[in-house]
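Note that chain A is present in both complexes that follow, paired respectively with chain B and with chain C.
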Partner chain A sequence: MAGSTTSYYFVIIGTKDNPLYEAEFGTFKQGGDGVPKFREEQRHMNQFIAHSSLDCIEDLQWASKEMYLKTVDKFNNTWVSCFLTGGNIKFLLLHDARSDEPIRQFFTDVYDLYCKTLMNPFYEVNMAIRSQTFDQKIKAAAKKYL
Partner chain B sequence: MNRDTSPFRPASTGASPTPKHASLTASTNLRYSLTRKSIYDRHLNRTKTSELSKSAFAFLFGEMVQHAQKKVYGVQDLEKKLNQHGYAVGQRFLELLLWREGRTAKRETRILGILQFISHSLYRAIFQKPADTLEKVRENEDEYMISDNDPLVNSYISVPKEMSQLNCAAFIAGIIEAVLDGHCFPAKVTAHTAPSDMWPGRTVFLIKFEPEVLEREGLRHGST
Partner chain C sequence: MALPLEIPPRARSAIGASKASPMYNLRSSIVSTGSTTSLASLFAGTGASLPRDIVDDIKSVIHHAFVPHIAVHVSDDVNDIIREKGLPDLYQLIRSYGEKVQGRITARDSQGSSVTFEDFAVRFVRLSDIAQRPDRNSRNGAGSTLRNGGQWDGASAESMNSEELPLVDELLDLHLSHAEELIETSLATEAESHTGQAFYLLYLRKLLSGFPVTSHETFSHPVACLIAISSRNPSPIDTLRQLYKSGAEMEIPGYVNKEYLRYYVLVHDEDKDDIQKSTALFEQMKRHFGLHCHLLRIRSSMCIVSDEDSVPLAKSQWLPASDELAELHSRQEDDIEGDSLSRFIHGSDESAIKTMIREMVAQSIIPFMERNIASWNDQILSRRKGIGGRVLSFSRRFLGSTATRSATNSATASNFDPVTNSYDPVTPEAQMRKLADWAFMLRDWKLAYDVYNTIRTDFNNDKAWLHVAGAQEMTIISLLLTGQAITPKIRTDTIDVYLDAACYSYVTRFRAFYAALRCLLVTVELLRLSGGSSAELAAKWAIKALDLNIRPTVGRALISQRVGDCYAVRQGAGSGGWGGRRRKAAMWHVLAADTWIQLGKYAQARHCIDVAMPRYMSTEFVYIRRFLDQLKLDSGHVNLLDLGSMKISDDTEKDSADTDDVDEEKVDIAEALIEEGEKPRFDGKRRSILIPQTANGDAPGMMTMEESFNDRPL
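So, the complex of A and B:
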């Protein structure tokens, strides 16, 4: 990445490989301002990278019992980290530096938020998550850990 | 009723309005509670140890069965409906259960592992006791049975003679099916009454896996 600060792309994928939620954010560490610095052509590349990593995940998910699969794929300078829930919902994070532990903490928070979303009787599995509160809380978690 | 424990609170605030409805909420204030707290501000362990009144549950369950009965044509249809209700519960309960296990949470990747998870962890979390037996059907490679000597949901259900085929534990079968589906072990789960001398209400949940599950198990782990 051109700048010195890192940018992240985060997406939640449903059981039918359908996206439920996506977000981009920058880091607040190292004096970052939290604004994603993806170049315009990189933004749609992110979606392709995330999509292509699904095949890797499908293979890896039977080799390990862990929910946090760590980095599952790499494309040029972009790493893909994955967290797989019991209901086969995938959380994918694209990042350009390896750091397993903060990402685990971030995913744990996301899982908490996802479970809460699921507790809503009007929400069903595989429905897109449009809640503004959810969005705010995800961004807050990203600010805290990434 | 204490506002905090009101079951309607999450529903009224959980989902944010879509842009289409934004103007509506501003004028009616229907979707926001007065405290502006949402489902996201509530801790998921809040109800972990609390118990539910059995009579209240029996009443709600009975109403659910009656409601389902109005819209169906036969026993099979009714069981399917109950199964669907259970399925929605199972999908949610699975994630909640794994979330509560925290860092030690594991996804099950083997048939036996997931069946044990269901008959022990899941059953204990819902009914506070493990399922009574877990068996393999000897004749069929792809069938397993979980039995419950006295299913909680059936305690106050009396089945009329003309519907003797009906077993309302189809609701639990739905929960089991959702958990299996969630872990990518697609299966059909059905509830059957199998009375024994000691347990007249004994129910067997027959689990029939889809062929691809066994195929995968064979490829990944050799013949089992």
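So, the complex of A and C:
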């Protein structure tokens, strides 16, 4: 991935291949400032990679009991990790180094947040998540684990 | 101008579906109707296998790539006759007829059962070219390649350097530009159908048509040599002896076996010489040289189009890229100065040449090869495989390891010569490789596979890495050609491991990019034909092939497109298409389109976008959308479906003013569709239309946007 420091692209994808929530963040580890270092041409590639890895997820989801599917796909230097909820909502994280454990913790927190969003009576499945609070909490989780 | 807004939604989705390849076709129409899921599961299986003719196409390209090479060595008086006909030499006259040997050819395989080939081929090369080729390459390659810690040496490695690759790219570029021109001037609507597979096949063929002469494989080494004199020669028998001698003395690399078959041809000039004299001479030749002789009767006069029995000289499909480029350039000059080369020959000449080649192949070359295969199989392979051979090779290995420890690299241990990076042609290792290659040429895949498997370990013991890589490559290819079912175990234990090792050797140890690319692409094609999860493996290796070539070249664009095709072959199961690779296929087609645009090949780009579009029709990914809109603008692609439903955002519309000025009026199809009403007929010939732009830069027929993508959350 572009840039000297690690950058992450996170997306929640609904049941109809539709993105519900997208975020980019940089790492805070190794003195990173948490700002994503994606170049402009990487933006659409991130989405293409995330979208195309759904093919692999559809394969893997039947093979594993876990909700966290670990890394499911790789494109050049970009790894794709996936967490699959019971309602077939996919959390995808694009990263450029393998590190299963922090990503699992991150996904667990995100799952928590997502469940809380689902409990909102005004929210329906497959609706885009626009809540500011949700956004802030995701960013905080990213800061904590990634 | 009227917009196709009147088309009802159902019909619109039908347009979208018909524009795509058949696999998408089915799925997208089902998705849009929604209620016919049971139908989907009915049809889901049908798309899994490729159409018959495509399979044949690819197989025949691979079959025809690995064919016996026949050197041509002729006296000057023969070339004099040919020059009178208006062609440079005998080689140029006969080479294209070797690509399709007339009639059926029967060969016997190792089990003794005979196999019939409808499309057997041989390739003619000039003997002098074989002598020169490694030289030429090593001279050019020497500057760029560094000696790498003594890992490799000698001309053989350098001759496989990638200098053929840019030539192939350049040639394809020419072909594509030509096709592009035809499309732009709308002379050829059917040229659109060529944009898909045809150019990739052409690329593959050109890549496979110029095998360099190397030590690690014998495909490009001559199986036979055609020695020819003419009836004009004053001392024919002596000249033949002379040719035999000069051919044998020619500076051919030491690893090329000179024990090839000699085939003697007497070229008789029908127009000027006496046939009785020639027949007498021919009888004399037969007495001196045995049965491998032929009397070729051709006319020396030049043939022009208006002649009664004139036929166009067959075009060679398997010209190496460098030769074809040279020919194209010279033809361009000829067009200005007037045609200097004849493009026509007499019909009688054509049939005489065809008969000669058929006779030579069926009666001399095939039996010669069969005989040699049988004897090598008998003498070397069985001995190697038998108890004695095992003990011998084991003790040699034991001795060899001690020998290398005590004395430096003594020749007693192995037959491998690390200085030239080759085996002498008389060593058992070299002969076994030759046995395998010849069995491969006669399409006895089973035997070839067995032998490659055996020699691989031998080469490995000798640390002859180039030869190991070659054997690994051919092990996989012959395994895939045997048609054996590819189990997951074979996939991971054999194909993946060997391919990886072969590529590593080729690229890292020898910088032989050509060999690596050939190895990868042939395997990719064969894997793709097996379908299912092999197709995914094919895609994986095709992506690896992309790494060999970073710059945006025609080759890179074609290979990315191929990655998409490989993924597209893998179809899912059931109505959801579980396990399919539709999204991946679409992504790679988009990436290919991007590369095509960088290269300025817009028709290709439009084709790729057409294939990928159905997957992204209703995507909510903002950047994907924006990127695709940009691609469409850059390539001049507007798809019919977009006219009704798509919106162009503000910033892209601004850009459209300074993109290419489209002067072609091609909306007639859109209008025809509207007039026809609800059920548009789409014959698949024209897949995209160009919309003329008005003075202010707005394309008519675009809808203004209703909502911006920007206000969606990121």
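Note that in this section the second predicted complex is superposed on the first by the 142 of 146 C-alpha atoms of A that agree within 3 Å, B and C clash if a C-alpha of one lies under 4 Å from a C-alpha of the other, contacts with A are read in each partner's own complex, and residues count from 1 in each chain.
Methods note: contacts are C-beta pairs under 8 Å (C-beta built on N, C-alpha and C of every residue); 3 or more make two chains touch, one makes a residue touch a chain.
Since the model is a prediction, treat every value here as computed from it, not as a measurement.
*Asks:* Quick one: chain B and chain C on chain A, clash or fit?
*Replies:* Aligned through their shared chain, the two binders fit side by side on chain A.
*Asks:* Please tell me which partner, chain B or chain C, touches more residues of chain A.
*Replies:* For chain A, the partner with the higher number of touched residues is B.
*Asks:* Is A:115 touching anything from chain B or chain C once the two structures are fitted on A? First, second, both or neither.
*Replies:* A:115 sits against chain B, while chain C stays out of touch.
*Asks:* Taking the superposition on A as described, I'd like to know which of chain B and chain C A:65 touches: first, second, both or neither.
*Replies:* Touch partner of A:65: chain B, not chain C.
*Asks:* For A:88, decide between first (touching chain B), second (touching chain C), both and neither.
*Replies:* First partner only.
*Asks:* Identify the partner contact of A:99: answer first if only chain B is touched, second if only chain C is, both if each is, neither if none is.
*Replies:* neither
*Asks:* Have a look at where A:130 lands relative to chain B and chain C in the superposition and call it first, second, both or neither.
*Replies:* Both: A:130 reaches chain B and chain C.
*Asks:* Can you give the closest approach of chain B to chain C, taken over C-alpha atoms and in whole Å, for the superposition?
*Replies:* 6
*Asks:* For chain A, which residues belong to both interfaces, chain B and chain C?
*Replies:* On chain A, the overlap between the chain B and chain C contacts is residues 62, 130.
*Asks:* Contact residues on chain A for chain B in the complex?
*Replies:* Counting only chain A, the residues touching chain B are 61-62, 64-67, 84-89, 108, 111-125, 130-134, 137.
*Asks:* Per the contact definition, I'd like the list of chain C residues that touch chain A in the complex.
*Replies:* 567, 572, 576, 578-584, 586-587, 590-591, 619-624, 626-627, 712-714
*Asks:* For chain A, which residues are in contact with chain C within the complex?
*Replies:* Chain A reaches chain C through residues 17-19, 21-24, 43-44, 46-49, 51-52, 54-55, 58-59, 62, 128-130.
*Asks:* Going by the contact rule set out above, which residues of chain B touch chain A in the complex?
*Replies:* 10-11, 14-16, 18, 38-40, 42, 44, 88, 91-92, 94-99, 103, 105-109, 182-184, 216, 220
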